[in-house]
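Chain naming follows the written order as A, B, C and D, and within any one chain the residues start at number 1.
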Amino acid sequence: MVNLTTNIGNLELKNPVMTASGTFGFGTEYLDFIDLSLLGGIVVKGITPKPRQGNPYPRMAETASGMLNAVGLQNKGVDYFIEHIYPEISHYGTEIIVNINGGSVEEYCEVAEKLNELDKIRAIELNISCPNVKQGGMLFGTHCPSAMAVTKAVRGAFSKTLIVKLSPNVTSIAEFAKAVEDNGADSISLINTLLGMAIDAKTRRPLLSTVTGGLSGPAIKPVALRMVWQVYNSVKIPVIGMGGIMNATDAIEFILAGASAIQIGTANFINPAVSVEIVNGIKTYLEQNKLESVAQLIGALEC
Amino acid sequence: MVNLTTNIGNLELKNPVMTASGTFGFGTEYLDFIDLSLLGGIVVKGITPKPRQGNPYPRMAETASGMLNAVGLQNKGVDYFIEHIYPEISHYGTEIIVNINGGSVEEYCEVAEKLNELDKIRAIELNISCPNVKQGGMLFGTHCPSAMAVTKAVRGAFSKTLIVKLSPNVTSIAEFAKAVEDNGADSISLINTLLGMAIDAKTRRPLLSTVTGGLSGPAIKPVALRMVWQVYNSVKIPVIGMGGIMNATDAIEFILAGASAIQIGTANFINPAVSVEIVNGIKTYLEQNKLESVAQLIGALEC
Amino acid sequence: MGNFSYGSSGIENYALVFITLRPTLIAQMKKLVENFKVNTVKQLNKEFFVLGLQSEKQLPEILPGQFVQVKIEGSAKTFLRRPISVYDVDFMNRTLWLLVKIAGEGTKQLSRLHPGEHLNIIYPLGNSFSLNVKGKVLLIGGGTGVAPLLFLGKYLKSTHNITPDFLLGYRSKELVIEPEKFETTGNVFITTEDGSLGHKGFVTQHPLLYDDTKKYDAIFTCGPEVMMKAIANYAKAKNIVCEVSLENLMGCGIGACLCCVVDTVDEGNVNTCTEGPVFNIQRLKW
Amino acid sequence: MGNFSYGSSGIENYALVFITLRPTLIAQMKKLVENFKVNTVKQLNKEFFVLGLQSEKQLPEILPGQFVQVKIEGSAKTFLRRPISVYDVDFMNRTLWLLVKIAGEGTKQLSRLHPGEHLNIIYPLGNSFSLNVKGKVLLIGGGTGVAPLLFLGKYLKSTHNITPDFLLGYRSKELVIEPEKFETTGNVFITTEDGSLGHKGFVTQHPLLYDDTKKYDAIFTCGPEVMMKAIANYAKAKNIVCEVSLENLMGCGIGACLCCVVDTVDEGNVNTCTEGPVFNIQRLKW
């Protein structure tokens, strides 16, 4: 029997496969397709202190091996989450990790404090990398002092596992990784979307209402792998890798590059059962390669 | 008759289509496929002061809608270029632009000074963005003071059109664009490759000898378009756009985003005649849209 | 078999399935991912083709207005699935039909499928047209928009005993879609922009809409947005219940990505893929 | 037609073409991009298949050892072209054959081509084996590596009147490639790793190599790198002229990208696609 468990701070996951925020709703949307309890964890859609309507339509554009989105953190706010969604999803039999967002340090802390009270929420993912909101979001993730400040403040407000999700739209990802590690992050997840843009040559207009949006999917996998490897080599805390993972082989590449766990994003849209298939694929890979545990693969790249 | 000419500093190109450095050899490699005189210009392979052997094999890996390369500026040096290559290629009937590289400001200047003497070389492209060399290269392109210093020095050494080629691996591309504009660049070209990585899950090794390499092709087009648009909106000098252009529609998108000219890179490998096809495609688009000139399209995005 | 009026299933049987299942809540309908076998690929004209898809298993309940998310294989230029309405269903023979317009790379790729190949779809998705309708019903379709209306018409006829009026608009005669299918389901009125068949002009200009003897209780429509907006205005003015089926760019089709929003009066941005694609016009900020 | 020994072209005619064109410099051979019609797709066994490709025009000169760059359509997972050696040519019938091993996504996609479809290739690319050879010639191939050797053997036979010895290594009997084609061209010696045909073991263990009555003037080889390296050592020890055809990851195939380098004694990194794929072992840092 191979050992699929992996540790993210104090959190032990039954396997390294999570679903990425914003691509898996609150899990509920996938109940018809998979048994959620087979997953290592679910990172739910980004939550803000107050309800947000998000950006106007159109919010997406297909690109070569990827997609752009400009959802803009549409959600019903943290209170609605606690009252209506949390009770429904806290019994899925998998870790529920809440992706939190805010327009200021105070807003982030407000959400973190409220979530800290929820028994079944044992980890949050601090999103300082959303490219689709005017305030907060990527600003925190592309300005190192801000990244440090918000991490430190949220660390004070949340006593359980704190994952900080980094933006890839920076010159030195290692600099940000070290900065958030030093300020109390238990784990780093990356990458969020690359800032991109698409144009309709016929109408001569941008395809997104916000002109620019976040690029995800296999197109970004090489950049994501590189950044996971760079971050793994610069911090001591566990790294959660994502960006364009479509199958178990991709997932294993991220683990080899140094990810203790991985997240599946856009791939869920194309194959709603892909996350569980990847759990099985990793298991098969370990068996075929006569490895006993996922731990043996983490950062095992030979170079 | 539509007017396809476009201006890059003092240089008037017969049309906005150039080929990108490192993907078109010295033009000679494509003589069997197209009439080079139909192109706006050819940017030849990166040249350094001394001959370079480049990086060890393997130097490339295919990725989703793209490729990684780690060539590492293999070339025979500027003197060999002047003596053996320049005489052969200076009569192609199109602008020959030399992509220059160096490990230090002095090295860049050495190449620029020597090229300044060549009659038929009316522009150089200062490459501060090569991710595949240890010294120089991307270091200059990801550190703003260095980018300013090298631009200023090369400006002093080269009296004709100076194009500076930016790295996309930065937090704020506009910052770099303004910095090189202020230091004497006549034009900005972008993007060079995104830093990426690929792993073979079977062998658990990186696919490139250098571990990381430069990502090009349609995968990066959304990032490239976004950066061209950002740079167009922050500087006054003409912008040359590239990154994943595969056909005339892609080229037109870059022009709409603000590019006065475009470069075709990786696409040449798949269709060696693509550059001339794109010249024709742009012409057809202008005709069908009853536009008189390329100039009317530059930055004509409505948003 | 003489009284079987479409596909090769019987109306009687068809009605039976629905009458039993009618009260099911859409939200309780389980979504499936399934490989269908391609039975037929029928090119109707230069723009439209019909795909006949066969399931190995008994089909689940599928309601008129619902759609499927089709996976496009074998194209480097498509990445996401494509939403396509259910055009017709034969529950007895476990067959589903899609009417597709070649709009771009993905639909072109679909048109190249061969019988015997497989197509992966997620279905049934979205809500349906209101099925508690009574009285005189008008179904207005433009171009590809006729797709969900055939299924809706058949449904109304077999389960509600309503013979709907179809008002179908096309650019020209060559583009008219399987007229016999619509004619055996309801009374068909056609407009073409070039006048090559039926009334010349747009559906909104058809005399039917200005005939005071026709008092419709409901209008269901699908087509280009400009058309649906004009019809919505007409329905509002005449105080007729009106539902529209929206087209929309979809990332997932299952409510997970929040890309497909439409702005509503009551709730602001809601997902077209789960709260729609069918909306009562009162709910939209049109 | 009795004396036509392969394809449907005559050796005589074949020789003619080459005797006239021989002195042409590789560097002067114009490269073409062309859509070939797929004539035949012949699955030889579970790993290998042969594609027969037909040109509309007279073929240009093509020399043994040269390759083509194939464009893969209809796969989201492949982006670049794939290099494949010329396996056989019939100039009279304007047909080109490729022997392909299903190695990954691109070659799998090629195996799904149907006769009548088209394949876009860039050709002829690279240099050729040395064609000024005299005396006794041994052609050693492993697996797919036999591909360029058939063409080379036929060429030597028809233009130089040399009947080569073929030493061909496979994993097992089922994987042996079109034996009749090789047998009509030269003397064939086979090794299989499992001993199911010919000598058991690797090509380097075949008695032929240790038979002192056989004094080869040249060895030409293509196959896995370990195999070629072993043969290179053998040839060096015996002082036999030896050329190897290298496999290599190629970005362009035409000398533009500098991705396909191999380290040489004389010039350091050179392009395999233009200075190779065939190299004299003396030139390599092996």
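In the analysis below, a contact is a pair of C-beta atoms (placed from the backbone, for glycine too) under 8 Å apart; a residue touches a chain by one contact, two chains touch by 3 or more.
All of these numbers come straight from a predicted model, not from anything done at the bench.
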Minimal step count in the chain contact network, chain B to chain C: 2
Partner chains shared by chain A and chain B (touch criterion as defined above): none
Distance between chain centroids, defined by C-alpha means - chain A, chain C (Å): 37
Rounded Å distance between chain C and chain D, as computed from the means of their C-alpha atoms: 56
Geometric centre distance via CA averages, chain D-chain A, whole Å: 49
Per-residue overlap in chain B, given as positions that touch at least 2 other chains: 63-66, 217
Interface hub residues of chain D, defined as touching at least two other chains: 76, 78-79
Topology of the chain contact graph, where touching chains are joined (line, ring, star, complete, other): ring
Set of all touching chain pairs, with the criterion as stated earlier: A-B, A-C, B-D, C-D
Partner chain B, residues of chain D touching it in the complex: 30-33, 71, 76-81, 122, 248-249, 251-263, 268-269
Residues of chain A touching chain C in the complex: 22-25, 29-30, 32-33, 45, 53-54, 56-67, 69, 71, 74, 217, 268-273
Partner chain C, residues of chain D touching it in the complex: 74-76, 78-79
Residues of chain A defined as touching chain B within the complex: 63-66, 68, 142, 169-172, 194-199, 201, 203-206, 211-212, 215, 217-223, 225-226, 229, 244, 249, 252-253, 256-257, 285, 300-303
